[in-house]
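Here come two complexes built around chain A, the first alongside chain B, the second alongside chain C.
Here is the complex of A and B:
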């Protein structure tokens, strides 16, 4: 019974914790512009993150060490540093975007300017990272994030032509009013949003925080293969709601306020309250996850004591990194950069950095020195190899497409 | 399965299993060469190319009209939801204010592009006038909302609907 509860809790938090500011904004923007013709990218992205999250979770459970703890040891300090710099740059950019997202959610709830909320949000993130236990942090925000189910409810309440909706998703094509390059640019942005590097940093290091061992591999797989795809369904619901309400009116998604307009239309004030709670939980939870990922990766690379399973005094350098990351993220936001623009750039740069994140995972998960009999099998390697080709293609195409389309204009 | 196909499968299987376990990295300082490219890419992605031809100017006009339509339709939808009791005033206020704020850069951006010749001067005047009408309708909506003026908000919804239709019609005729 205890095991079943652990599985159910893990799956629910995986669903609620799947969506972050990148998923919220990119899915709504794509739905409002392309309908469901890019839904296939969400499916491809979710399968990809499942493949690599399972690998990194298995590495943590079997070796007792986080994936990136092993990267430097396995690939050497220079390759490890390249991996660290590229992944950290994107993860830090994402952290700033998430804190901006928290501030935007507060602004929508209170009408107080988001820039006044940003220092408060940054301080709150740091305080939670310092004081709150890992399990509480993960479960509270993951479960609160489930309130984003209101987007699926809104789609149902809007009473769409389901046949038309499914047909649009199953027969993807570039809309006649859109350019093929712009379509490809948004496909890469969606792919980058679904396969954000920090998700695997957090997942594997979180496994160490929760003292996973080989017995926990089944629970971990349930979280990944049930929780993540259901989280992907939430992403599709956000895109579908935008396709039903915003697309026919020619409304483009430029702010977080746009994302919940379909919920207001279908469900009303109560629905908007759920959507705002979901925005807060998704962005605050992801801000904590990205902050921890920055701290985990830097501490693991330099061989410092890390983690919330030890007292802050014993992991002082790890906690200093968390403090500096929170403060610097707020400083970036207070330059008055638009958090939504930061989000859009972060998902595209995520796509650029993907190979540097996922290649080392594939290598470490194949190393029998660490993995013994739990090293990758044929299926994991085939899927991993196919996805590695995809992430390399996305990585190579991301910046040229950004230039050609003027960032998707 | 024959012995030959069986051994082929085994061979493929062992190749797939072993390829990633033999990966080694040669230390190279590849970032040094990539940095200027990344910096240039970041710089260029923020640049605006001025219109040199009629077609380019019409594209600029079309994009300005599309963005303006998005702003006016957004504000119209938020005001309608507030009037129907589907959206709190705080939320509607932010959405309408953001829509109004987004129009300024659209006007400045389009107004800052020189028409390439006299033939498109009339288009510049037409689009500029419509963007100005959109700004007025958005301000009307924002004021009504902040005063909780339902009658004013209804008038603003009508004004926003009218200006949105005009923007869409002009946008369709521009290209």
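Here is the complex of A and C:
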């Protein structure tokens, strides 16, 4: 019974925790411009994150080593440092975008300008990282994030022509009004949003925070293979709601308010309240996850004590990194950069940084000296190899496409 | 702590299994990474005698300008006039799995010499409300807050280090270049009871390719066919040589000289008695 509860809780938090500001904005933007013709990318991306999250979780459970430990161990200090700088630049950018998202959610709820909320949101994120226990942090925001289910409810309430919707998703083609390059650019953005590297940094280090061992591999797998795909369904629901309400009216997604618009239209005020709670939980939870990922990765590269499983005084360097990251993220936001634009850039740069993270994981998950019988099987290796090719292609294509399309304009 | 096997059996690939690994204490405290290894030239051959950890050792591995800066900052901020790098003797290494486990003494030394951690602990983190507690802490011993010197463990500035061998040129007497060093293997020869003890270097692997480390596929082929195939092709010119044949090491010039016609095999090729 206790075990069943643990699995259920894990799955629910995985669903609610799957969506972050990148998924919210990119899915809504894509739905509003391309309908469901890019839904296949979400499916591909979600399967990809499942494959690599499972691998990194399994390595963490069996060998006790988190992802950046392995990056340093396999790439050495020089290549490892380059990897660290690139991955942390992207993760940090994402963290700033998430804190911006929290502020935008508050702005929607209170009509107080988002820039006033940003320092408050940043301070709140740091306070949670400083004081709140890991399990509480993970579960509370994951469960609250479930209120994004209101998007699925909204799609149902809008009563679409389901056959038409499914056929649009199954027969993807570039809309006549759009350029093929722009279509490809948004495909990569969606792929980057679904597979952001911080998710595996956080997932594997989180496994060590929770003292996983070989016995926990089955629970971890259930979380990944049930929770993440259902989280992906939420992403698709956001895209579908935008396709149903925003696309016909030619509204492009420039603000978080636009993302919530279809819910307001279909479900009304109460729905909007749920959507706002969902935005807050998803962005706040992800801000904590990205912040921790920055701290985890830097500490793991240098071998410092990290983690919330020890009291802060024992991991002083780790906690100073968290403090500096929270403060700097707010400083970046206060340059009055648009958080939505920051999000769009962060998902594309995520796509660029993908191979840096996923290659070492694939390599170590095959190391039989570490992994014994838990090393990758044929399926994991086949999928891992296919995705390795995909992430390399996405990584190479991302920046040229960004330049050609002027970031999707 | 985990299911990883004891890796100290047989030949240990040092770059793959020791260098850059996490050092952990008795209760899984994270104490630093193995940033370099101290070597000694003895009549039994080259031995690994100590683990080097910390910014000064890492700076040497980085090399170039970033390494220079890292070392300079470390020297400037260190309380000693001529700071030394610490070397944890191999007799204090108790186990080798996915991490390097050290004795309680070594743990205390590493904690008392972690300057940045202690400074931040004292002047930043302990001044924030709630610095104690708040973790899911299972460790009950006192937190070390003051620095203590351990001159007894100083590594001589001119002591040979593993990082000097990595990237060194392997050549024969007549000047034929076989490649540069990418991996060395060693075996524990004085292991008794709890301690791993010093390791004797046995073989060197050199490669004609310069692409960092090859992700741990040097000694044995494994992994998905795609990655294995690419790496195998890339490293088809790798050669494994026994250090018994070694004629001379020039630490300054970073060259290893072997006799002409020395036996050099691909690392994956095993002799019948090694199977």
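The rule we apply is simple: the second predicted complex is superposed on the first by the 409 of 409 C-alpha atoms of A that agree within 3 Å, B and C clash if a C-alpha of one lies under 4 Å from a C-alpha of the other, contacts with A are read in each partner's own complex, and residues count from 1 in each chain.
One rule holds in what follows: contacts are C-beta pairs under 8 Å (C-beta built on N, C-alpha and C of every residue); 3 or more make two chains touch, one makes a residue touch a chain.
It should be emphasised that the depicted structure is a prediction, and the values quoted were computed from it without experimental measurement.
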Partner chain(s) touched by A:406 [first = chain B, second = chain C, both, neither]: first
Touching partner for A:269 - first (chain B), second (chain C), both, neither: first
Greater chain A contact set [chain C / chain B]: C
Partner chain(s) touched by A:78 [first = chain B, second = chain C, both, neither]: both
Which superposed partner A:338 touches (first chain B, second chain C, both, neither): neither
Which superposed partner A:303 touches (first chain B, second chain C, both, neither): second
Which superposed partner A:179 touches (first chain B, second chain C, both, neither): neither
Partner chain in contact with A:312 - chain B first, chain C second, else both or neither: second
Chain B and chain C contact sites that coincide on chain A, given as residue numbers: 75-76, 78-79, 359, 362-363, 366-368, 376, 381-382, 384-385
Residue numbers on chain B that touch chain A, as the complex places them: 13, 16-17, 19-21, 23, 25, 27-31, 38, 41, 44-45, 63, 66-67, 69-70, 73-74, 77-78, 81, 85-88, 90-91, 93-95, 98, 102, 168
Residue numbers on chain A that touch chain C, as the complex places them: 61-65, 69, 72-81, 130-131, 133-135, 209, 213-214, 299-300, 302-317, 319-320, 359-360, 362-364, 366-370, 372, 374, 376, 381-382, 384-385, 388-389
Residue ranges of chain A touching chain B (in the complex, touch as defined): 75-76, 78-79, 82, 85, 107-111, 245, 249-252, 254-255, 257-258, 260-261, 264-265, 268-269, 272, 276, 359, 362-363, 365-368, 375-378, 381-382, 384-385, 399, 402-403, 406-407, 409
Interfacial residue positions of chain C with respect to chain A in the complex: 1-5, 7, 15, 17, 19-23, 29-33, 35, 53, 58, 61-63, 66, 97-99, 116-118, 120-121, 124-126, 128, 130-139, 143, 212-213, 215-217, 222-227
